[in-house]
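Two complexes, one shared chain (chain A), two partners (chain B, chain C).
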Partner chain A sequence: MSDQKNTFSSSRRQLLKGLGLVSIFPAISACAATGTSKASAGRVVVIGGGFGGATAAKYIKRGNPAIDVTLVEPNKTFYTCPFSNLVLAGERQLDSIGHNYDELQQVYGVKVVHALAQDIDPVAKRVSLSDGQTLQYDKLLLSPGIDMRWNAIEGYDEAAAELAPHAWKAGPQTLILRQQLEAMEDGDTFIMSVPGNPFRCPPGPYERASLVAHYLKQHKPRSKILILDGKDNFSKQGLFTAGWQAHYGDMIEWVSLSNDGRVVRVDAARKEVETEFGTRHQGAALNIIPPQKAGFIADRAGVTDQSGWVPVNPVTFESTQVKDIYVVGDATVAAPMPKSGFAANAQGKVAASAIVASFAGITPLDPVWANTCYSLINPDYGISVADVYRVQDNQIISVEGAGGLSAADASDNIRRSEAAYAVGWYNAISQDTWGTKL
Partner chain B sequence: MRLVVLYTFLLSLLVMPLQVFADWQRFAALKEKIQDMTPIESGLELSLPLVADDGSAVPLKVVFKGRLAEDEQITRLWILADKNPNPDVIDFEISEHIPRIELSTRIRLGESQTVYALAQSNQGNLWLAQQEVRVTVSGCLMSGDDTTAEKVMSQPRVALPRNPITGEAAELRTMINHPMETGFREDDQGNLIPQQLVESLQVTRANQPIFSANFHTGTSANPFVAFFLDQFDDLTFTWTDQQGQQLSE
Partner chain C sequence: MIRSILPHKHTLHKLLLVTFFAGASTFSHAEEISSAQVKLIAGTCANCHGTDGKLAGAIPAIAGRPSTVLEAQLLAYKQGLQPNTTVMDRIAKGFSDAELSALADYFANINKD
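And now, the complex of A and B:
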């Protein structure tokens, strides 16, 4: 008995150390000490080995190694979207953004099953997998990321994405777009279509345009980038626009929603798009970032609402619709927190601590999160926006006056430092989430 | 502690039915239109995002699927938002030439609130729909507020269906560029910027009015309206601003 308690509290201390978060772990209360800690061992199935899921699996184990954790992820190597824009620009190889699950298995004792979760029975608490297995759980954690809304833009389906890639999940899609960039002639146009909110990584499209411009400037300087947007403003807009001007002149043209920027039809074979008011644009390379929704398994679990995303209790990230199913990352409605890897990682820790606490029979405290989004205008020029979030009236709010944006008039030295911080951030979060490098 | 929770829970059970009933009753702008009538609370469908990352252009769609008597048709439709400084968002005048009530637009929401749609038929019947929208300003998101944009109309746009067929209902879209200055905003010196709005869009066929939209402070900048028609020739689209300027397409 007392042994068990010791194990738990020491690992709890470890967990706190690694969290980098403000006291989301409850103090062990009398009830944990009086014996319910025996119930702390339970079965958790985690679906999705990306930013949210891999983090949660690790931190549940760190919180209480006696909990049995199985991670379900079809891919043996996970390629991060963060820094995939550098791969597009030819500044990095795809391998350098790949991570595997060795450390989770070997160091933390997470069982990893490489399969796709196909269905969930929330009553029987069973997950069925593509390899025919079924897994039984006490608590289920989903971090399935996004799925594309195929055909939300006329003509844009899975087949079209082979010709006009979204590259909004990293891996083969990144390479198709890279090939199109390489095949461009000097003077050709690169077209990117950006959806309305909400979508994965709000500054991502504009960072992509920047790094594509960086590549074109060196290799095809007469080329153009046309961004067709479903919005009238975007993340870090002032900083991006100024950075574009300074580095790329008028190479990048941004067409807003109210200037007929919203793409409604795609002809992927012709690399042609048509906007809301009938303007047609044709390019040599076509990148369609379509509207998105939570990964399909969230639907199967019955946790999505009519918006296609998953409403959650912000203190625990448990679904508001189905008990014992926790959901983190891009799939959730966590606004004003953005759909970022940083946020998914932090939410993974919050859900992990809530699950560990729940098995131990204690109540988790209110979480506080920070998020920083770095973007590169070129490999030596970084900008960022940071925010702090907490829970108020059962909703996530952005703490006023906390966080901030890179200064508009920062020196080149500061921009260079921010680019270095971005690399530091990438290494640190990868280390925290997966640990091992390939 | 438990007791308190239980108590408030019971209390909320008690007041809940009342609240549902009183919701729109307490909203003066809506009450004024409904008077002592009892609106039908099904048949009119309003859809907006549950959470809007940006309150300045929230997409809204309203569809009428209710049952109408013979010779009855929807002639008026209002969109109202109870917590905007001015609850009027946009309203529509609809003739019998509109084959189907399915209207899309983009609206402004100053904060989280309930948005209402009220439809009225030529026989005076009313239909009501409502939806709550949470407005957040998302991290990694920022809106560039331009106080200096020119307050004139430009770029009237109309997109007809790609292959319009007479007799087949299809959607057409309209938009005009204009900042839709509400009169509630201050400039950098702290002075109120005078209100300057596009007031309306009128659609006529051979001088006969078939559809119009009246814009208010709750209509987004660059007013956008999409609606259905089944006959596409001889159409004129006229936007009128508060100064009486007109632009036609």
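And now, the complex of A and C:
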């Protein structure tokens, strides 16, 4: 590596790193690296500018500014899935959940390339981009998010998603579904199809049903919401069910897997679905959240297993299959951590720390992660599930005695506080990830 | 001679070592937790309190608040002694007293501006 040319700064950095102190004195290592030349401490390419990738890029730079970090993300604005249900409900505009990469570039010195990563050669350590560029890396960090398993449900492909949106990646899909909700007549039915585990954002479909109900209650109060589910229980089920009862009466009907909830066929043009045992349902608005897998670039890198997801070393989030490729976020197998933006951000920090340590030749630190998933029953009624995670016997575990759900018997004041904290959380994690806040 | 005035390279390293250990021990009550480790743990706070705990909003900023206040608050959350808590009681229980103490010191030492 190039910094070996500078023996004094290199040895001084090694000393500091040996003490495990380098990351709290980034300025010192920056001086060491830039004192005589623009020597790089290593090259990292980050693919994916969502919660995991943007956080990792920023925190690698915070850990050691001498590391050269390039973030590859096709979109100039990233729209978050968190709070996109408020856009569906007409409570927010799409712009308010869009984030850019200005601070990562201007404050942290991350190079941002707006292109699609198309292929990875893990032997040559090279990434090919849609704009013809190739990027060389010492360490690669993938935060590829999810891809839909098109045709896992018969008739549900990319073309069908234009008519019956998944809206499980925020942006244009969110707006298509919003338009369908707006076009509903009073008394019409909104149908959601929800997949079995694992999938992105376990409580997300139920928050969506809640906030759509909030919209319908005000504008189309005779309408119904039908949730057809590929499983028999779901995240925060008791809290959701109680909240629905209190606020929406019988507007929301949930059909479990055992009660023939699993959708097997979609006719997007007719907004009709068919379930496992042949029941057909037709709605005025149709939201199909299909089964998912790791984003395709993970496949190209050879880090996915037969499940379609990415197994990782829990201490570092390095792939167990390909050396020097780290993977964070929804694409990974990290249970009991959920596939959430919060978890992706937390994993991004742990992987960033492990990459900084690896370049320094020191042992990675003991990881710890937290996760808090807020869901809104309506804009003034919030519920949450929280957990703290550590590694024990090379497995991620949820720390015993910590975490859990909002109290079932919480007062209206507590529900209101949690709704306000959901907004506080959104602003904070957006600031921590992209540097943008609302 | 200049050579005799300048400390030998190894001596310099020892001096640096002493300086940094001294720094570390005033930095944290919990000597068994390294500063780098505390910084990694503190990353879990930023998701709701902003980078370096500096973002003030519905959720308060924690940077630059007195260490004793932060530590007492965290321990009260952990012990379930803080009324009307929503989530911090659930989160604080995931950390040892020594970690909470080190986190309190860490955020107290961050300039809130």
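Please note the rule applied: the second predicted complex is superposed on the first by the 396 of 438 C-alpha atoms of A that agree within 3 Å, B and C clash if a C-alpha of one lies under 4 Å from a C-alpha of the other, contacts with A are read in each partner's own complex, and residues count from 1 in each chain.
Everything that follows uses one rule, which is that a residue touches a chain if its C-beta (ideal position, glycine included) is under 8 Å from a C-beta of that chain, and two chains touch if they have at least 3 such contacts.
Keep in mind the model is a prediction, meaning the values are calculated, not measured.
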Putting chain B and chain C on the same copy of chain A, do they fit or clash? fit
Report for A:196: first if it touches chain B alone, second if chain C alone, otherwise both or neither. first
Just to be sure I read the superposition right, which of the two partners does A:338 touch: chain B = first, chain C = second, or both, or neither? first
Based on the superposed arrangement, let me know which partner A:425 touches: chain B (first), chain C (second), both, or neither? second
Can A:73 be said to touch chain B (first), chain C (second), both, or neither? neither
Looking at the overlay, does A:236 come into contact with chain B only (first), chain C only (second), both, or neither? first
Touching partner for A:267 - first (chain B), second (chain C), both, neither: neither
Overlaying both structures gives a minimum C-alpha distance between chain B and chain C, in Å, of 13
By the touch definition above, which chain A residues appear in both interfaces, chain B in one complex and chain C in the other? 387, 403
Report the residues of chain C in contact with chain A in the complex, numbered from low to high. 13, 16-17, 20-21, 24, 34-37, 39-41, 43-44, 46-51, 55, 57-59, 84, 86-87, 90-95
Residue numbers of chain A touching chain C in their complex, please. 12, 15-16, 19-24, 58-59, 342, 345-346, 349-350, 353, 365-370, 372, 384, 386-388, 390, 399, 401-404, 406, 413-414, 417-418, 420-421, 423-425, 427-429, 431-432, 435, 437
Give every residue of chain B touching chain A within the complex, in rising order. 49-54, 56-57, 59, 134, 136-144, 155, 157-159, 173, 175, 177, 221-222, 224
Show which residues of chain A lie in contact with chain B when the two form their complex. 196-198, 201-203, 231-238, 257-260, 276-278, 305-307, 311, 333, 335-338, 340, 343, 371, 373, 385, 387, 389, 395, 398, 403, 405
